[in-house]
Amino acid sequence: MPHDAMSKLVGDYYTTHFTPDPTSEGDTLILNLGPQHPSTHGVLRVVVEMDGEYIRRSEPVLGYIHRMHEKMGEVKTYLQYLPNMGRVDYLHALAWNWAYVGAVEKLMGIKVPPRAEYIRTITCELNRISSHLLWWGAYILDLGGITPIFYAFADRERIMDILQRVTGARLTYCYYRFGGVSADIDDDFIKETREFLQHFKTRLPIYHGLVTGNVILRGRCEDIGVLPVEMCRRYGATGPVLRGSGVAYDTRRFEPYSVYDQLEFDVPVGKNGDAMDRYDVRMAEMVQSVRIIEQALDALPAGPHVSPDLPERFIPEKGEVYFAVEGARGKIGVYILSDGTAKPYRLKLRSPSFSNLHVFAELAQGTLLADAISIMGSLDLVIPEIDR
Amino acid sequence: MGEALQQQLAYVGYGLYLLLIIAGGLAAVMSTSLVRALMGLILTLFGVAGMFLLMNAPFLAFMQILIYVGAVSVLIFFAIMLTKTPEGEAGAENMLEWIGMRAGLAVLAALTPAIIMATLIVKKAPAALALKPEVTLAQLGEFLTGPFVLAFELISVVLLAAMAGAVVLGFERRKGK
Amino acid sequence: MKTIGQTIKSLWSLIVGLKITTVEFCKPQITVHFPRKEVTNLGSYRGHIDLVPLANDPQTPRCIMCGYCADTCPSGCISLKFHMVGEEVNPEQRRRLLLGLDVAVPRSGGKTPPPDKIERVLDGFHLNYNYCSLCGLCVQGCPVGSLAFSRDSYLVGRARQDFEFDLLARLKSRAGTNSGKAAA
Amino acid sequence: MIPAMNPLVLFHLAALLLLALGLYGITIRKTLVGMLISVELMLNGAGLALVASARLTPASDALGQVGTLLVMGLAAAEATLVLAIILVVFKRFGTSDSAKISTLRG
Amino acid sequence: MIIELLATPLGHTVAALVAILAFLGLNGLVMVYMERKVCGFIQLRPGPFEVGPRGLLQPVADALKLVGKQLVTPLGADALLFWLAPFISFAPVAICFLPIPFGPIATGMEMNLGLLLILAFSGLNALSLVLAGWGSNNKYGLLGAARAVAQSVAYEVPLLLSVLAIAFQAGSLNLSTIVEGQKGILSWNLFVQPLAFVIYFISATAETNRAPFDLPEAESELTAGFHTEYSGMGFGIFFLAEYSYMIVVCAVATALFLGGYDGPFAPGIWWFLAKVFFLVLILMFFRWTFPRVRFDQLLNICWKWLIPLGLANLVATALVMKLVK
């Protein structure tokens, strides 16, 4: 046995410092889940200490896709920072667009024309459906079901086609502008969206039949990763993760922005806070998004899609602002501290995945590896958003 | 095929199986890695199964593979995995001492009964018999439920007890955690 | 009894799943074999930016060399080259011009602003597409509407240099082929 | 020489070999698992001898085979139990080295 | 001379082995193509279609790719055991094919204990998985190996129980005899003993390590489980063995429950193959439809449901047989 060669394989800082718990008895195994593991969806790495198949402790290791978005905000002008927002969370890019644009508008007191507000609502909710669809497919993929993600992608492609029509992009949208949106929607867009919504309503029963009702999936999700409300509060978990635990907290409802206070929609909540509840909440949210889009399409006013009286340059007064929107993963917050120059003095992004992720370490304790994968999937993590 | 050829083939088969047994047995007791030792055991098991076949007892041969290879070896593998003794099992640091002190004794202990029994067998060996027809399953079954019913029930009880014991021991382990 | 009902229900859920996959199995496929067929929604595709020529002169871009695009671009992938004609410019003025500092052109909704005091001639409009994030800020910000997204969806290249364009040269060559076609 | 030998002797020699190897293994092995493997070797030898004796002598055929089957059952039971014991021992002592397992240290 | 040799039992067996190996190689190609096409159609994709007409040559290209890859032995692995494992997984399959009656006269080796032989040798599969997982010096492999053990302990018993019920009924362990006992579709054991069929098929899915019971390789949990470290043909042989096991368990199911080569019009062997591949298709649909169960759930299914049901079925069969006699 080449012992000297083996000794080189001792691991890096995290594995060597993640030494077995002194209170634990018996042999444990330090296992690196990631950064290239099929279920960490990207480059999340979780170091786990395992006792057989049971997880003793786990610790997420971040930073593999850190791009210094916050620092970039300090060296770019307010306008130049816009495209960055599509890259923070590539799955629900428009929510991040909205959070940043909304924050700057609040800071500078820019009025947004009503048509733009409705367009934002429609596109953002479409984007939410596409994000949830991808989560749905990927989650079942984590649990070993390979087919659903293809069905999800087929529908997601249609959403992307629709959004491509106005945003010009398929994934990393940079669509919202200060005071409006970059392009107006046309009748074709509305027609296609309505068609898609009809189609999507016929697809949902198939999804539920194929997956939700499946006894194997229920066995993998029910009573797995039960997340008490108190723990959500401790970690600041938001979005479907929090709502799955039974708290009907939705930024769209509790800190209404844009036109959400004029639209009717429910905030679905779970009961037990297990993975199945989080699953159900997301599935129900897609239905609510459909409702919102339909109402918004019906109520779509005429008018300009971007505010006509915009300042020439976006240089806000001294001051600070915080603006939050509800993303697919939870509360997206943007905090800007302005020193009166063309660039923000400090820009802070509150990403929901970051808070939701840290629930994992505590939830996974004492569970089986397979359950831990199920828990991680049910949190709907987007790694670039965690690292920013 | 002629009778003589079949006889020759049988001897060839015997030699092959004996080779398996010897190689496997040596690996089972000599190799430093326990997994390799287990592989040796499995080789031996196949050799013995082959010998059963040579004796026209295919049922036993298949049972040997089913029970020993399919179940017992896998269990032993489990034990090896759980106790994490992958290598240096025979003690690389004081191998010489071990061999010096105990190997002689071991060989003596192993050979004594062998020699005694070998001489006994060779002396009392009956005349070679033509191979009797294969024992059918029905015969075996009747035997197990007839004269050997007590032994059969006993082995069932032993198996049950072993299973229960293993479960109890295993539970004790979980509780201790 | 309840357990049995539960079991039958769960077994039925498996059959429902199999039924759905069987139905999907019989449906026609929805993927597009790319080299043989093309997707139909490329009309709204946004490629790299291109210069828009004047309505009456396909050789000349509408660009007034204000430098807004180069200034706004988050990735700094646009660079302009131009020289002056007419009255001489002192070096200091020239430097400022090159930086585009004093030519903050008001948003004019695509209309050409009044002719500048100094006439500038565009020598090159370089786009480094490698860094472009297709945000569209330059297109929307251009005061004279001189920039537009191309529909070039099948752009491929083997090296970085393949994505460093001189848009002015592209415009001219395009105009050349177009006029050539028209002549023919 | 060998072809002339009685088949019964041949099989018994193989059985003896197994027995000897098993015995040797039991003494030389340090871990419980190693010993278990050696015991299995010996049990196999016993089975082989039983079958050979029954098949190649006028003794009852079924008797030998049933005996061997019982031996196999015993081996399975024994393996299960020993596995459980090894696990407990390993949990308690952190090793399955028989030399180190001793609580007689006062 | 050759024909004479083939006529002897030994010659027949050797010829059958050669034929089986050829069949296994071809079968691997067919099943790879079949699986990829089935998966593609279920997922609304075309499946392979670039290599050859309708992608027919895709499996050949796959095989060539696997053969061409470098064989890597991981650092710290026990090279002997590591490379032994694929062969232990593949070799017994060929033997398992011997007693399967493909047609009235197309049996590799007529033997009274054919069923027992298949059960005995298919049990070796678990051993090879364990060996592969252990030998590759990989933590995922080790976890996969541990799962393989737990799984094999769980599914072997109900498998045996369900098969035993059929053997009771037929009074034989000879597959040909069992097939001969099912003439006409109504006397198929599928209708006589549906419970045994369900138990057998679930256990067989677990035996072949196919989804939803593909726990030892569980790619979303253990990356690739026991074969994480295998490259090239090392992986290829595992792959081939998995597909061959699928054929074995489906062939046994056909012989035990679906009347074997029983069927009108066409020669028996075609009926047999058609039934086998229909069952294989069902296995494939399972894989592309269901999520994976957790391993303690598999144990629960086996110990709490399949084994009691299997025992009950066995006892009931014995009672009925006694009464009928």
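In order of appearance the chains are A, B, C, D and E, and numbering begins at 1 in each one.
Please note the rule applied: a contact is a pair of C-beta atoms (placed from the backbone, for glycine too) under 8 Å apart; a residue touches a chain by one contact, two chains touch by 3 or more.
Keep in mind that what you see is a predicted model, and the values were worked out from it rather than measured.
Enquirer: Which chain would you call central, comparing Cα centres to the global Cα centre?
Expert: That would be E.
Enquirer: Between chain pairs B-D and A-C, which one is joined by a greater number of C-beta pairs in contact?
Expert: By number of C-beta pairs in contact, B-D is the larger.
Enquirer: Could you give the separation in Å between the centres of subunit B and subunit D, each centre being the mean of its C-alpha atoms?
Expert: Centre separation, subunit B to subunit D: 6 Å.
Enquirer: Give, as an integer number of Å, the spacing between the C-alpha centres of subunit C and subunit A.
Expert: Here the centre of subunit C sits 28 Å away from the centre of subunit A.
Enquirer: Could you grab the centroid distance between subunit A and subunit E? Build each centroid from C-alpha atoms only and quote it in angstrom.
Expert: So the centre of subunit A lies 43 Å away from the centre of subunit E.
Enquirer: Determine the centre-to-centre distance between subunit A and subunit D, using the mean Cα coordinates as centres, and give it in whole Å.
Expert: 61
Enquirer: For subunit C, which residues are shared contacts with two or more other chains?
Expert: 14, 17, 20-21, 24, 30
Enquirer: What parts of subunit D, by residue number, touch at least two of the other chains?
Expert: Where subunit D meets two or more other chains at a single residue, that happens at 91.
Enquirer: In subunit B, which residues are in touch with two or more of the other chains?
Expert: Within subunit B, the residues that touch at least two other chains are 59, 63, 71, 75, 78, 80, 176.
Enquirer: Quick one: in the complex, what on subunit E touches subunit A?
Expert: It is residues 39, 42-45, 75-76, 139-140, 142-143, 146-147, 211-212, 214, 218-223, 287-297 of subunit E that touch subunit A.
Enquirer: Name, in rising order, each residue of subunit A that touches subunit E in their complex.
Expert: 1-2, 5-6, 9, 29, 31, 37-39, 50, 52-53, 140-147, 150-151, 154, 210-211, 214, 216-217, 219-220, 368-371, 373
Enquirer: Can you check the complex and tell me which residues of subunit E touch subunit B?
Expert: 8, 10, 78, 80-81, 84, 111-113, 116-117, 119-121, 123-124, 126-127, 130-131, 134-135, 142, 145-146, 149, 152-153, 156, 173
Enquirer: Going by the contact rule at the top, pick out the subunit B residues touching subunit E in the complex.
Expert: Within the complex, subunit B contacts subunit E at residues 1, 9, 33, 35-36, 39, 42, 58-59, 62-63, 65-66, 69-71, 73-75, 77-78, 80-81, 134, 136-137.
Enquirer: Please output the residues of subunit A touching subunit C within their complex, sorted ascending.
Expert: Against subunit C, subunit A makes touches at 76-77, 79-84, 86-87, 147, 151, 154, 161, 164-166, 168-169, 172, 174, 177, 182, 206, 209-211, 213-216, 218, 310, 312-313.
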